[in-house]
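Consider the two complexes below, in which chain A is the common component and chain B and chain C are the respective partners.
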Partner chain A sequence: MNALTQYIELFKAHRSTIEANAPAALNERRTEALDVLEKCGRLPQRGDEGYEITSLNDMFAPDYGINIARIKFPDDELSTFRCELPSVTRAWSMLVNDHFVAAPGLEQSLPEGVEVMSLRRAAELYPGMIYGDKLPVDNPVVALNTLFVQDGVFIRIRRGVHFDTPIQILNVFNSATPMLAARRIRVVVEEGAHASVLICEHPRVADVDYLSCRVVDVTVARDAQLDFYDLEEATARSRRASVFACDQHQESRLNMSNIFLDGGMTRNDYCIRYSGDHATTRLGGLVIGGREQSIDNSVDIAHSTQHCSSNQLFKYALFDQSKGAFGGMVNVEAGARYTDARQSNRNLLASPEARMHAMPQLIINCDEVKASHGATTGQLDERALFYMRSRGIPEAEARMMLINAFMTDVLDHVQLEPLRERLRHLVDKRLRGCNSTCNTCSLEKLK
Partner chain B sequence: MNQDNTRPENQSEDIIKGATSGEYKYGFVSDIDTDIIPVGLSEDVVRLISAKKGEPEWLLDFRLKAYRHWLTLEMPRWAHLDIPEIDFQAISYYAEPRKKEGPKSLDEVDPQLLDTFNRLGISLEEQKQLSGMAVDAVLDSVSVHTTNKEKLAKMGIIFCSISEAVKDYPDLVRKYLGSVVSYRDNFFAALNSAVFSDGSFVYIPKGVRCPMELSTYFRINAAGTGQFERTLIVADDDAYVSYLEGCTAPQRDENQLHAAIVEIVVEDRAEVKYSTVQNWYAGDAEGRGGIFNFVTKRGLCRGDYSKLSWTQVETGSAITWKYPSCVLKGEGSVGEFYSVAVTNNRQQADTGTKMIHIGRNTRSTIVSKGISAGHSENAYRGLVKVVPAASGARNYTQCDSLLLSDTCGAHTFPYIDVQNDTAIVEHEATTSKISEDQIFYCNQRGIPTEEAVGLIVNGYAKEVMNKLPMEFAVEAQKLLQITLENSVG
Partner chain C sequence: MDNILLQVNDLRAGIDGKEILRGINLTVRPGEVHAIMGPNGSGKSTLSGVLAGNPAYTVNGGSVDFHGLDLLSLSPEDRSHEGLFLSFQYPVEIPGVSMVNFMRAAVNAKRKYFNEEPLSAGDFLKLMRQKRAIVELDNKLASRSVNEGFSGGEKKRNEIFQMAVLEPRLSILDETDSGLDIDALRIVASGVNKLKTDSNSTIVITHYQRLLDYIKPDFVHILYKGRIVYSGGPELALELEERGYDWIKEQVDNQQ
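On to the complex of A and B.
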């Protein structure tokens, strides 16, 4: 079945409703997105290059509802919802499905020059800023998102402003029926500014199918820095197709970490582009997969400017029947001299049925470069386990310690200490099988 | 510093440019009377080839099935290659050096043919008498001569052209032909299965250790023809054989097609070592002419504790599309792949290997060294797959790329698919140019830049060169020098 047709038909039939409930700036690009999708003909399927374990076609195939008429949900989220990352920040807001909900007193907690608002409002205030220059418009997920997006979050850090407190966005899902949310998060860090953003994903209901079609569109201007943390803690029935696109200007720094603790099926695309020299990119990924989860990270970095460096570190620990995939494409274009591109993918298969697919790729068209990649897939070192057990550490505990140690360098990328400690705690909790959404997981066996 | 010398960086640029101007010394055409069938491909052509070779019915069936399947396929486009449209109807699928009744001894062979091989540096006569190597030479489509056959026959070793094997050992050929590379495998495998003309057949019986290196030389000579040879090697239990393959072609303006299949079956505790020095004509500096080398090579380690080792030095061909693979089915079987691929001028190469781990405790090693210069594109593409049953599988992959110009490309596309939790799979790759520190160090010790580049490139490729049998190592070293001529000196 071709899942794409149903979305194209849906869009064509309800275009007027969608557009009537969205600001003009968001409606502008729908025609272009429609063209892209009609040209695609179908969504990528398993077996297509770069889609070894994920079929976007299957992911989008179920009959999800889309709240195009923007029927309001009761506003009780704020009072009842408890995030796993409490009190990391006061500067938080929520995306309930795709509705923006500001925390009480959000504006007061933000200093001057830091703006966090709904994308709808931003589209009216700053219509010229709601799209990044390097958004990969021909990516099918971006195109689908563009077709249906009506709201999202807009974050702007004005020139020279340093804001140390992380800006947190809680993605919450709440619906009684299967639903697709087209979320868009737009982050603009202006020249010399410095900010950190933390996004986490939590469903309120565990027994409803749910698809998050998400686009994070980031611009990091000259000499600016953005630390971006993406935490996924969803349910077995949730699906996520996410594209993180970043346009980095001269001497900008991006530090991005993606932490997958729980979910159903996830596909994350990272698309990093450069508009200036001397930019630095660091991508970290940590995956703890269990049950029948499927986690697919696909990185696409195109070095087109000089003296830039990129460093990727993705680590997977896979339990049960979980499947992991990592695709890392580093493309050093002709003329991108003095590029330093590094990529590392380390995987741990902790169960006989777990499966890992790694594709670290390099395309080098320039000779003044340093490029390397490494990938390993294996299991815990038996000798290390034996060593620990011979010193009286029970096997399960020893395993836990080794997995924690294995994961630690990804967490080291997290700059903010309280957040890092909190994340360590969450990872530990997850490994012990006692996180909020998952208590039937066979990770229990480790105990 | 000598006044004539330009600045060091210019100098090294010149040297590297010099690398792109190395000429192809095997580009002569032998004027041999050749029997070429008209261009084009149809069922009739397939029947004609089969008839010309007097083949049995089952083989014709095999060819026809392959041809019909080929019609349903499209040319693969997934490789990192820019392949021009190939008109498969503009190629002649069979070219046979015309000769009187088959030569009974070397004296009866066309003297010009012998001269061809002498110029290639493999004097059949000398080889026969001195080095004790058995050579099967395939010119265009047909195997011309096999040396040392009698000596081998005494040990029960069969080494002959595949057409002879079809006549003399039909059961063996029928049993193994297409058992590793089915005609349904891919576009070029289907094409080859339909029109293959000749190639070598090797059978090493149980417990026999082949006392000499077996060697085949392939050469495309006639214009407008393709070469579609097929090699089948079977090593029975406890057998051992080392097989060498060399390829050259004359210099021509148009592109010529080479689509071969190599199948290897390795039984219990047997070992096969397959070495290739590929030096097909690569086209001129502007990328005119040259061979399209689309080859399917695969070995099946069927027996327990069997071992298959591929070593290749790829310096020629305008376009190379080649992935010698190992299917490690037997318990404890071992696969190895050592490769040096050099691309220059406008050459393109997309080459690598597949290691499919099926049996328990199977091991594989991949060492791939790419060297790109000029405007060439050089890609490594490899698959390491561990199926759920392959407990204790172990793979180590290392692929390095060396860039000698700022206009060339070096790419790496590894695919790692692990479905077993006891497997250990490692992959590492680096890309760099020759470091100025190294050149400076050599200069400092009185080694001119030119020699230093040679030294470094040779050192870089050494790990693979060491795996080649002696006779080939010398030639491979020479080839590397010719390809990067003037820089290596």
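On to the complex of A and C.
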């Protein structure tokens, strides 16, 4: 079955409803997205290049509901959710399905020059800012998201403002029936500004199918820095197709850490582009897969400017029958002199049925670059395991300590110390087999 | 079987389908020091690995009684809790696991096994400090990953440090002298001697007589082709040092 056709038909049939319920600036690009999708003809399937384990076609095929008429969901559920979060001043908000919900007192908790608001409102206030210049509109997930997006989060850090508190966005699903949410998160860090954003994903109900079709569209301006943390702790029946696109200007710095602890099927694309020299990019990925989960990270970095550096470190620990994939493409274009590009993917298969597909790639069309890439996939060191057991450490605990140790350097990338410790704790908890089916965000203690 | 700590009967074991131990018999009583010597490939390390429960080896027959327990049926961790300790010939490096976390896990696992509460942070640090002194181990090593970047001497001292913490009833020192210079050897041996009591026992596995100058054995056994072919007192070690293993090999090979 061609899943794409049903979305194109749905869009055509309901375009007026979709557009009537969205601001003009979000409607602007729908025609372009439709063209892209009609040209694609179909969504990528398993076996297409770059889609070794993920079929977007299968992911989008089920009959999900999309709330295009923007029917409001009862607030009582939200208030219970909200109650479980501490009322400490903290810059957080929620995306319920695709609907922006500000935390009580959000605006007061933000200093001057830091704005967190619904994308709908931003589209009215700053219509020229809601798309990044380097958003890859030809990516099918971006195009699908653009077709249906009606709301999302807009974060703007004005010039020179340093905001140390992470801005937290909780993504939740709240629907009794299968649902697709086209979520858009737009982050603009202006010149010399510095911010950190933490996104976590938690569905509310475990036995409903959800699909998060998500685009994170980031601009990091000259000499600005963004630390971006993306935590997925969903359920076996959730699906996620996400594109993180970043446009980095001169001397900008991006630190992105993606942590997968729980979910069903996930595909994350990272698209890093440069609009200036001397920018640095650090991408970290930590995956703990289990059951029949499928986790696919695909990186596409195009070095087009000079003196930029990119560093990728993705680590997977796969249990049970889980599958992982890592695709890393670094393209050093002609003229991108003095590029320093590093890529490392290390994977641990903790069960004989777990599978990993690693495809590190490096294309260099320029002299005077430093580049390295490497991928390893293996099992736990049996010698280390026996050594620990011979000292009395029970096998299960020894395994857990070794897997924790394996993961430790990805977490070292997390800049914010309390967040790092909290994430360590979550990873540890996950490895101990406590599945935090999250009615409350496990990061709450951070505050 | 009163007052016997370890009784090995006709132990047969191998690796990858190849038989290496072909019927080992050995009796160790509390307070005794046994040296097991033998040429390369005679099965010395296999014996220590099998006794400690290394899953790489397969036991094909025989029995091992460890103070009334069927040792071979116990997991490596339970063997440790019950008082067996193997000092590794090649201590394993474990990047990312700090020495202090490693030792805390080991100490508290043992306490849990005996239904005791975990050690408090303060008591644990005190214990570490005390035991480190026995082998003059640098405090800085505590925050480093287990054995990672340790010198040969530090690795072996670290083994004896762990032994001091776990207070085993039977310690098996597998080629503890290999890779040690004379000073490190003295520190390691003196550590072992400090830990010696009338109730615990030691099996020293070694190539050379050198270590036995420092750790005095009560019995010396010669392992050859997977069997203990000769047993004697400390003088046997000296004889081996003088004459080598050839006379033993000849004697055994002629008998066969």
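The definition used in the following text is that the second predicted complex is superposed on the first by the 427 of 447 C-alpha atoms of A that agree within 3 Å, B and C clash if a C-alpha of one lies under 4 Å from a C-alpha of the other, contacts with A are read in each partner's own complex, and residues count from 1 in each chain.
The definition used in the following text is that a contact is a pair of C-beta atoms (placed from the backbone, for glycine too) under 8 Å apart; a residue touches a chain by one contact, two chains touch by 3 or more.
All of these numbers come straight from a predicted model, not from anything done at the bench.
After superposition on chain A, the partners chain B and chain C are accommodated together without colliding.
Looking at the shared chain after the overlay, A:395 reaches chain C, while chain B stays out of its contact range. Shared-chain residue A:371: touches chain B; no touch with chain C. Put simply, the three-chain overlay gives an angle of 70° at chain A, taking C-alpha centres for chain B and chain C and rounding to the nearest 10. The partner that reaches more residues of chain A, of the two candidates chain B and chain C, is B. Using the contact criterion defined above for the overlaid structures, shared-chain residue A:406 touches chain C, although it does not reach chain B. Touch criterion met: A:354 reaches chain B, while chain C stays clear of it. In the overlay built on the shared chain, the residue A:387 is in contact with chain C alone; chain B does not reach it. The superposed arrangement places chain B and chain C with a least CA-CA distance of 12 Å. Taken together, the two structures place no residue of chain A in contact with chain B in one case and with chain C in the other.
By the touch rule above, chain C contacts chain A in their complex via residues 52-56, 75-77, 79-81, 85-86, 88, 91-97, 101-102, 105-106, 109-110, 113, 145-146, 162, 166. Of all the residues in chain B, the ones that touch chain A in their complex are 78, 80, 388, 401, 403-433. Within the complex formed with chain B, the chain A residues making contact are 49, 52, 334, 337, 347, 349-379.
On the side of chain A, the complex with chain C involves touching residues 381-384, 386-395, 397-398, 401-402, 404-406, 408-409.
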